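After this come two complexes, each holding chain A, first together with chain B and then together with chain C.
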Partner chain A sequence: MIDALRTLPAWRIERRAKPGGGVRYRVGSVAIGVVLSTAFALLVSDADPSQFFEGLWNSTFGQPAGFEYMLTLTASLLLVGLAAAIPLKLGLWNIGGDGQLFLGAWGAFAMGELFPDMSSSLLIPLMFVAAAVCAAAWSIVPAIARVYLNVNEIISTLMFNFIAASWVIYWAGSKWGEQASAGSVKSESVPEQTILESIPVGDYLIPISFVFAVIFGGLVWLFLRRSVFGYEMSIIGSSPKAATYAGMPTKRIMLIVFALGGVAAGLAGVTEMLTNVQRYGPALSNNTGYTGVVVAVLAGGFGPQLLVMALVFAIISIAGNVLTITGAPSELVFAMYGLTLICAAIGQGLRHVRIVNPGRAERAAALPSVAGAAK
Partner chain B sequence: MSDETPVALRGITKRYGDLKANDSVDLDLRKGEVHALLGENGAGKTTLMNVLSGVLAPDEGEILIGGEAVTLRSPKHALTLGIGVVHQHPRLVEALTAAENLFIGWDVVPGLFRRRSALVERANELGKQYKLELDMEARGWQLSIADKQRLEILRTLTRGAKVLILDEPTSVLTPAETQGLFDLMHRHRDEGESVVFISHKLREALSIADRITVMRHGKNVKTLERSDADVDMITNLMIGGEVPTASRKKTKAGDTVMEVAGLTVQDDRGDDAVRDLSLTLAAGEIVGVAGVTGNGQRELTEALAGLRAPSAGRINVAGKVLAGRSCRAFVRAGVGFVPEDRLGTGLAGSETIWRNAIMRRYGADQLTRGPLLDQAASHEMARKVVAAVKLSADDLETPVRALSGGHAQRLLTGREMEVGSKVLILAFPTRGLDVSAAAYLRQTILNARDRGIAVLFVAEELDEILEMSDRVVVMYEGLINAEFEGEVDREAVGRAMGGVDRSARGGARTEAQA
Partner chain C sequence: MRDGLVSASIATAIMAATPVLIAATGELLAEIVGIYNIGIEGAMLIGALGAFIGVQQTDAVVLGMLAGMIAGALASLIFALAVVVFKADVVVGGLALVFLGFGLTGLIGKDYVQETASATIPHWDIPLLSDIPFFGEAFFEQMSISYFAFLFPVGAMILLYRTQHGLNMRAIGEDPGAADATGLSVNGWRIFYVSVGGAFAGLGGASLTLGIVGTWLPNVTAGQGWIALAVVIFASWRPLPLIAGALLFGGLGTFGNVAQVEGWSITPEFFSALPYIGTLLMVYLLALLRIQRGGGAPWPAALGLPFFRGTD
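Right, the complex of A and B next:
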């Protein structure tokens, strides 16, 4: 009988006719990624686990200050996540979230420079509009190159980030620079009346930027679900050829979608500036734009799951901060992002296959006690 | 025995959930035979061949090669044991040349470092040796479907396939190319090897095979010698009953609805595919377009639907001038179009049934409310489209990709009949459908004709065209070179399809490629 078992075929991987349940695999693989990356981070940083988890709890849900910061971070990630997720619906990659964020903040800060004495009820909306316009203008350039000249948008949007980074240094350093500051490049403060306060709820504080990001994201999501434009996007995303056949202005829609992504990232710039940093400078983004791409890919859409994923990545980011207190390098958090992303990618791949054992039925038959017990 | 039976399948069962795609199937292949595997779509032919070629592992049963039980780990492993498959849909890298595609992943050639000219030269030699010549310097996307398939056959043969499995190979080939393929199959057989020919085309199987196996509902219904088989018998085995036939009543054609004159259209490579073509369609008639695939039918149908802008010529529908205008203008003029490429152009696969059902009308006033899509009205229209072709309206949220080929085509046709109040342009509407689905579709088309719609019916099966059409035109190299009305002489149509002189066609092709 042993020989019989030995000759049976072994386990093998087989393609499924249809991929398995999307949500199950997505949630499962991200959860595995978070657990693995946390374990990995603890391992390499020599941190005491109980201390780490206590610190993490206090910096997220445990204490008001941590909670407020967590939501500020979530707001930025939600907006830059949208900046990547909306074009991704058409199969277009917007890696330029960082640059668009900086340009948005630039436009907003410029308004503050021009009208420093304007009342907050006028100046803040003006800053938001300026941020949206500047970021959209910035993102539409690679979009035009993509749509009309077929220039790969991944590379062009990425390269635009580097241009934007120099732009920030120039303006924050030379033009609007705070002469007193040494070391990091940053501008003067934004006009005092424009700083966004948080809304107290019990002991806790909800940042306005978070409320704004959730409302903006919600409106975009609803609009794209219900509108003719959203319908066109869904068909183009599924099959550009079918969209042409349906008479859709595919190119124009691609441009608008890219601009919309830019707007979202630009709004992340202005909310971050008016909530957290309060100055113009490189500190506005800690590679937030890139993290936004990861958030968008893992969320796989721009609905509520994007908010959940933004929150998850805010918490991972905070976990990285907590670890740096114990002496771990600050780059650790990117390793954690990366590990989570890899796990999620593996999860997406595994949806398409299953593991089968051709001999299992026969093996079960070869073990009468088990088969008998089952009956 | 191993000499006689290079490959045998014993009791192969393959389950997908509750569905048994294969149900204890036995099959023997002999050396030196062409073995046809016949059955309707979904009968389990492709699953069985996927098992034999190492793509799928059977849940039960064994595969014997040369009398010995083997476990096939992968298609590559199967190929090292001499079993090679040519798939129904060619799998090529579109951006690479034919020669590069031929040698890709083949370790006998240090691919990337070879000079391109040497690669092309070697590819041409192999093409000549196997009598499967094609333009080895053309990129994948420039090749016709037929050439792509020839390339794939060549790729499989050159890598030492002894048992050659061809999955529905003739559906994309011209009669001349089909004959070429049959010659090749016979040569392979005469060398003492085996060919498995998967098909749902009875006549072809009967003309080429030495033995025929008929499958139905995942089972091997019967394996018989060619000499014992005839059409009626095999048909009954395939469908397990009578073939439904489309009923038609002769109607008088009405006024001219669509008028095409001097139409010239380019293909994707920029060559003229339709040249100075003129054609009229009258209300209540079906004009069949016969012709070998690749003689401009695709470009013609796309131009007549506004999807491909003609470089010259007139397209008028009921007095409206349409040439050079957008798809939407054609839709507004009442021209419906069922394209050749259903799940790519005709339908958006990952989107829901209702979204697909309104695709050609989505911008119309009755479906919109300002910038918003009127959900209720959209669903209402979708239900109407779906009901018109007797599909279930319960699952409007199902992605179209989950539908069977026949149901997807019904949805597409239903939608285009809603659009095409005056003209219906149909490109290969029954291709790849099983017998009953095709019959349903033919009846639907005849009903549309009876309602007074002008129908242009492009198909590849001459029998089908003759059965359906009130008038038949033959397309040859972008022109209509013959027109038949009333009693149609099959042979004359066949001659027209081949051009005035068959050899002239070959010459013209080479010229075009040079």
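Right, the complex of A and C next:
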């Protein structure tokens, strides 16, 4: 018996010369994460699985209302996903999507306050531009601190989220507050003509916000693939030193890229405000900006897979909603995100290592005797 | 009257600095060996709830704090294994810990929301010192844990700069390859100190639920774990300045109160944002000064980089 134990493999983790199996590991680990977190959620919430899946189906693909909501959620998550994914191409972390979202919505709401009677064909574009400008301005400060002061951008962008949270309460409550509202802080409604409708397709409705988000994402994607700017970005992302020697304006590009991320999050703020919430207030984001980071990380790069991941997380988020109906707390969905994320993180890490058993050859030779000893 | 307000504000600042200071000390230890755990917010939440449940079960505040430390350490251990053994990205792993902490505590804690803690951290009036007018009230009538919290960075300084053990820790953070060559188990040390950091974060969370707040609330930490990370940066990865950073955060938090008493006509939202604005501005300012002096990066050279033994 002791001899058998001695010949047991000494498992060891070794570095791979080249990280392998990118897509395989990514899809596999995310799938494992989604399955695990769903099973976990079902287990802890005591929900009846068949009822749960029926509810989930009806709130996503099964019924027009659910489908429409799913796509509005996907639109927001795609935009905040872009907010994290674009800077991530340079290895920069934008965790400030939440704050940038609130600032974008703030700029847009301010336009509505200033020009309440403007026609929608002018006011809506104006709101989008204001959202982009405000969010970009908000995101550029941490970027400047990162580029010129070498202050970690994760901490900066996070602190800005907390500052933005106070900003929202101030404006939604004290400035634009609806006097009648009790409980949660929210502003009065946005001008009626600015509310974004949905486009009917058969029995189903496609929200304009979704169409906008996909077009915006697609354009940014094409731009970064085709332009000199995008080329320089990819060089900086893979080798900052080489980029600097080649005379590329590394610092300026980092600032622009961070601002572009801010713009995407700001647009999430305005589309969310003009589609679902229709007011300015904390309800515009249920940690949406943070979820955007998860979407970007799991998509593992900037491309069409970002849209897929945004949809997956919209569905997980709806699954969380379905479970709250049967009494689960609203925080449950974040535990699901966390579980999925840790699976994905481990999956990504495993690409770089190989689990080896140095004694495999000897063990194979000794196998009959080991088997005999074990009996 | 004015004296009373000032001494009460100082006392409040010290109280508010306590959880941040404890968590920041733990985070510093983890970062010194080369792992930054941005999931400290999650570990703090898990510790806060663990401590609260511990107290409700045992009615003993020391056991509650112990439960909080264990809960925080276990949560960080999972993170450490993912990052150190499976080479998961530190940022992604840390974010996962934040999400897990937020989600799991919301889930498990829902039956405990606003329950009164069956025992709370006692306040200790230091004999003689607490009788000094003004200073006594300001400094020496604190929660017991606060006195320890301000000693932790001193302990960390002695550990890191006066012992062989601390030298090993710094070596692992600066040059894990060389440390490995001297026979130190880089992964083992890293896993251990990330877990220790988690235990500190858990204790910080415990000082919130069992001390300052006295109950469990969802997301009770409200970003104090993130502040702890900022405080480590503020302190340029040195133990003693952690105290200044935590006091800065705690001190800025008292201005809302002062404004109310003094009747300043400034919106309360400004004061709720002030600790974050002030801490961030100080971090920026210190970074600017460092760059003007031409100083190098203050963090451990291998911070955040995965360690692979050899290359084959």
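We take it that the second predicted complex is superposed on the first by the 340 of 375 C-alpha atoms of A that agree within 3 Å, B and C clash if a C-alpha of one lies under 4 Å from a C-alpha of the other, contacts with A are read in each partner's own complex, and residues count from 1 in each chain.
As a working rule, contacts are C-beta pairs under 8 Å (C-beta built on N, C-alpha and C of every residue); 3 or more make two chains touch, one makes a residue touch a chain.
Model, not experiment: these values are computed from the prediction.
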| item | value |
| --- | --- |
| Chain B versus chain C as contact partner of A:226, first or second or both or neither | first |
| Partner chain in contact with A:234 - chain B first, chain C second, else both or neither | first |
| First, second, both or neither for A:32, with chain B first and chain C second | neither |
| Partner touching more residues of chain A, whether chain B or chain C | C |
| First, second, both or neither for A:308, with chain B first and chain C second | neither |
| Partner chain in contact with A:246 - chain B first, chain C second, else both or neither | first |
| Chain B versus chain C as contact partner of A:152, first or second or both or neither | second |
| Contacts of A:211 with chain B and chain C, given as first, second, both or neither | neither |
| Residues on chain A lying within both footprints (that of chain B and that of chain C) | 14-15, 17 |
| In the complex, chain A residues that touch chain C | 13-15, 17, 44, 93, 95, 145, 148-152, 154-156, 158-160, 162-163, 165-167, 169-170, 173-174, 290, 293-294, 297, 328-339, 341-342, 344-346, 348-350, 352-353 |
| Complex contacts: residues of chain C adjacent to chain A | 38, 42, 78, 82-83, 85-89, 91-93, 95-107, 110, 218, 223, 226, 229-230, 233, 267, 269-270, 272-273, 276-277, 279-280, 283-284, 287-288, 291, 297, 306, 308, 311-312 |
| Of all residues in chain B, those that touch chain A in their complex | 16, 55-60, 71, 73, 305, 307, 326-328, 331, 337, 339, 341, 344-351, 355, 359-360, 362-363, 368, 371-373, 375, 402 |
| Residues of chain A defined as touching chain B within the complex | 9-10, 12, 14-15, 17-18, 223, 226-232, 234-235, 237-239, 241-247, 356, 358, 361-362 |
